[in-house]
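Scrolling down, you'll hit the structures one after another.
Two complexes are shown next, each including subunit A; its partner changes from subunit B in the first to subunit C in the second.
After this line comes the complex of A and B, so read on.
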């Protein structure tokens, strides 16, 4: 298909001048997307005294690792934040995928009598919800999950959109004959689900798993609402708190000094530490990005399948 | 040797001996429990908006035995000057975003699709899609690097022009509608262009061949072949966005302006208002009233948008 388009373009390409203009335009757009990240990266490697003198600059007059040295002088908070983020991301993604697949499989079966009702049950949550306050009350007053890891996992565990993508995928790809012959051989639905359905669902699991992973990894909102305990600060929330108060990261002896006193000591890094914190937080996503981009785009086109 | 499985065997399978529908129901149980906790129980929690509840004295008790005040909370809410302001901000920003998204994402998709060099256009799209994967906390750091009063990139740049004064960005509301629109486009344009790019790829090349034979140049083809074929998708996606016009991007409006008070007149939207009423002021009834207002108007808008989409092209409608 793409081959046909490509070959057809031979005599029908943009004229060289327009093509050049388009290239320049897209290059400018790409620059606008890369420059801000490059700026943050550059500042994180700039010595504090140079920043105080020249401001944030993409081409620092000097380079140093002082911000990172400062950041990892007491690495416990960052390591802990990483640990919490990785744990919630892995658990949430794995459990979420299992749950929605278990729900999507019956919905994809034409012989399931109540499938319309159960599809509607999911669909309705995408159209209408009680909003932040009632859910906050249920979480804090009924489930008592405030300041627990569950508060960071449960809210994102079932996503109606992901679930309906999975249902569409299963209803178009599962081979009816294979399921039927497994049934004749005496396999129950759970057995069929784990030995036939899940292996066949791998492409959808990969893309939806990626969606889940990004949601959990990038989440700070749940922490903002449900976490007040300093021991359960995930990566995004740590970045948020450092953005508000750089002294979050400073050790106990410095916390006794006033903020003003700290600021006056120009050689104590703070602005570059802030940006180093951002880099430490972005790092894994950017490094993994070239590898997962394809699955992401693929997942979005999965969504357009109508079931 | 012909084996005909009895109906009984078809319906009852597996060691458990449960009927197939029962097994299905068992499979669905985990999600059902999560949906009840996350979505359906909170829907009943909407009653809070119609009650007078004091924070802290046992909320479940409060809900069960709370004093019914009817629409009082809504009257309080609509009487505040905030009610108009946040509604206006939410709708205007979303309206502007819908127009900007349409123009930029269709334009970007077209350029990427038509660029002669495949590898180059792929690389450009990869880069422009990247901001989508950054959280709004990270984006707030980036914006801060640009807008810091003394050290920020923009003010340092302004310094190099004689007579230009540094701007106190986080204190000056006037600039923020533009800053927030810029950040919105920057973060989402690559993502929004994906669906248009897929649509462009699926256009039958024979249509272009026919147009070329008729003597249409590239510009005429774009106007008379490409655009008309994209219009249905553009209309549908725009209508669906209109259906969500009462919901705002919390991260954009809360993180990017760093929750700065002087900017509230242009950065406070429905979602930030509900959050601040709940967390900062502990005013649960008011927060719930604003939330219910958002949920109901939002629901009506989604239904309306879907009705329009259905009338336009049934295959695109949500239901």
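After this line comes the complex of A and C, so read on.
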């Protein structure tokens, strides 16, 4: 039996000892990566008082749901924020990818006469921008997107850096011959773009898509400046606000809050809420990695010219 | 351009993009139907509040407030725009900079009031206050109104409340009782040190004092902050006999205090993780701390006690002091973008001079959000508390005249008399009324703020030896331009003294 396995090893296979050692080593490495996450999870379920007494512990002396109960005191609020975040992330990523590939593709074509000008247009925005106040003026008084979902999508939609990555990818990997042959077969520019260019660009789309997803998912600043309506804030911003609200309450000694109110607020948890927010904030975005990885592999193994 | 990407195709692509964009626009329709910031009818008064409360019944209270305003001859619709504490400063700065319509705005020295006045963000309401604010001229202490003026002009209503503060210690009453430590016997730092030694020895699981950021050694000395904007910008002894400003780090009594703090740290009287821990409240509530160094007002002990869940004794080290930045720390201003400054002042006048309106704004509607329990005493309506009430903004200290507030359980019947006594007994800073304008040294200010944030903790908590840490910090701050800041403040202060004293 052993012999059969051994003989099945190819010339490059590892010896069982090295294999075992590597497995153990990599398993340890994975555990090291998982440990902080497990600790955060454990602390999020620890009662505040136990944290104050014993500090963080992977095996808490007591368990409680107080942090989650506090966060989900108004379940609708968090669910709505989740909905907003998922919507802006999905829409923003999809539309953003479409926009930058539509922009990057012509720039990658050597026969496009104005490509220097349009490249410079993008490049310029990477070096200079108008600053916060003018940007705020444009979005609120010209485009009137304050307190709308567009305010959470529009400002991140086209990113010069991503666009230039896309352009470089297309101009280095897109074979002129493939476009040529498509044209000979009678395909128009849009046909070429959607049937040839986009499928070939999958690896770039996947990595840039991941960047986009993370940017939209982790964004809280847009909510901070453009949203004053509590119903359309996203998840990260809601968390950020809860965190600062807790800090504010802890430093509230100088304020004339009514005593009644102080007493009611006294038992608000803080350390465990911080961890619970991290857990809630990770959410489905953790699934984005495996999803996009599939396309990396697919894209890399795809042959572009056959025959 | 035979094989080229023709301009026609490019144009079509652009058109397609435009169509996509237009398709995305209706997304905004749902949100925009309930835009709170666009109260554009001229008969509206938009009041911006800084609160984290949910205010579910806000519309109901606004309705009632508008009715009340009408009955008082101010026919406007009041709308309140609550902005959370976390982003209040940034959001309101942008709203001011972009000239967005606002009628009344909560502001303060710590939110950049003086800088905003310099930029013309607020209406000069000196004359309006004289002419229109009939009730407030009676209900607000004139000294307070004078105190918030800038160069003799009024840009905001002060929110009348206690204005005198003292630095000192908060102790746990149960431990003081247990070891027979009398409050009266804690007059000096040496007395406190004795109590710390006792606690350290007898209650090994309790740390005698827990460092809370920005406090520690800075609260063990008495000085005038002279116009605020950070202690590194220059302080002077209380009273004005010596009017030469020095940075706190170079203020001789501070060196003594820092040495004391360091001695305490070495003796184990301060939590050993003071350099990193910001966990003060949790540690205190868990009963692992004996005392807190800090700034106190008249009811700070009761408030802290309520927050920690056990009784707290306050022991001020010094006579309370009234300083510019305390008075300036709660203001209601009328932004330049207002539709009508006069209407805004009328609304503010009612809030500060009319008890019914004041309490409506602060606590909501009687029998819905609160109930009367006799006289001026109130309590939550049955089943409600600060967390589940549909209207509990919890910010009487920033809305308007606190002396008009109803009395809640725990507050004494003679609250206002006690406030007035506390304020009256206090010392007034020599520099009261002077406000430092950091604009000329803006660059140095931000450089110094960064440097100060790096170095203050080891010194204030006593973790480092001040005899080496302070000179090092001074060197760092000098390099960041501290001397130019102190000199600029001295120049402004001298000019102010020449004009006002």
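Just so it is clear, the second predicted complex is superposed on the first by the 188 of 307 C-alpha atoms of A that agree within 3 Å, B and C clash if a C-alpha of one lies under 4 Å from a C-alpha of the other, contacts with A are read in each partner's own complex, and residues count from 1 in each chain.
The rule is short, and it goes like this: contacts are C-beta pairs under 8 Å (C-beta built on N, C-alpha and C of every residue); 3 or more make two chains touch, one makes a residue touch a chain.
Quantities reported herein were computed from a predicted structural model and do not represent experimental measurements.
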Looking at the overlay, does A:137 come into contact with subunit B only (first), subunit C only (second), both, or neither? both
Check the residue A:38 against both partner chains and state whether it touches subunit B (first), subunit C (second), both, or neither. neither
For A:94, decide between first (touching subunit B), second (touching subunit C), both and neither. neither
Thinking of the overlay built on chain A, is A:26 touched by subunit B (first), by subunit C (second), by both, or by neither? first
With the two structures laid over each other on chain A, which partner does A:51 touch: subunit B (first), subunit C (second), both, or neither? both
Would you check which partner chain A:158 touches, where first means subunit B only, second means subunit C only, and both and neither mean what they say? first
In the three-chain superposition, say which chain, subunit B or subunit C, touches more residues of subunit A. B
One more residue to check, A:125. First (subunit B), second (subunit C), both or neither? first
Could you say whether A:61 touches subunit B, subunit C, both of them, or neither, answering first, second, both or neither? neither
Mind working out whether A:230 is in touch with subunit B, subunit C, both or neither, as first, second, both or neither? second
Set of subunit A residues, in rising order, touched by both subunit B and subunit C: 51-52, 98-99, 102, 106, 109, 111-113, 132-133, 136-137, 140-141, 183, 188-190, 224-225, 240, 243-244, 271
As the complex stands, subunit A meets subunit B at residues 1-2, 4-6, 8-9, 11-15, 18-19, 22-23, 25-27, 29-30, 32-34, 36-37, 39-40, 43, 51-52, 54-58, 98-100, 102-103, 105-106, 109, 111-114, 118, 121-123, 125, 127-138, 140-143, 154-155, 157-158, 163, 183-184, 186-191, 193, 214, 217-221, 224-225, 236, 239-240, 243-244, 271, 274-275, 277-278, 281-282, 285-286, 289-290, 293, 297, 300-301, 304, 306
State the interface residues of subunit C toward subunit A in the complex, per the touch definition above. 1, 3-6, 9-10, 12-13, 16-17, 20, 24-25, 27-32, 34-37, 52, 54, 81, 83-87, 90-91, 94, 97-98, 100, 161, 165, 279-283, 285-286, 288, 294-295, 297, 299-300, 302-304, 306-309, 379-380, 385-387, 392, 394-397, 402, 408-411
Subunit A partner, complex, touching residues on subunit B are 5, 9-10, 13-16, 18, 20-21, 23-28, 30-32, 34-35, 37-46, 48-49, 58-60, 63, 108, 111-112, 114-118, 120-121, 123-124, 126-131, 133-138, 140-142, 144-146, 148, 150-153, 155-156, 186, 190, 194-195, 198, 201, 205, 208-209, 212, 218, 221, 250-251, 255, 258, 271, 274-275, 278-279, 284, 287-288, 291-292, 294-295, 298-299, 302-303, 315, 318-319
Across the complex, what residues on subunit A touch subunit C? 48-49, 51-53, 73-74, 91, 95, 98-99, 102, 106, 109, 111-113, 132-133, 136-137, 140-141, 144-151, 153, 180, 183, 188-190, 224-225, 228-232, 240-241, 243-245, 248, 250, 252-267, 270-271
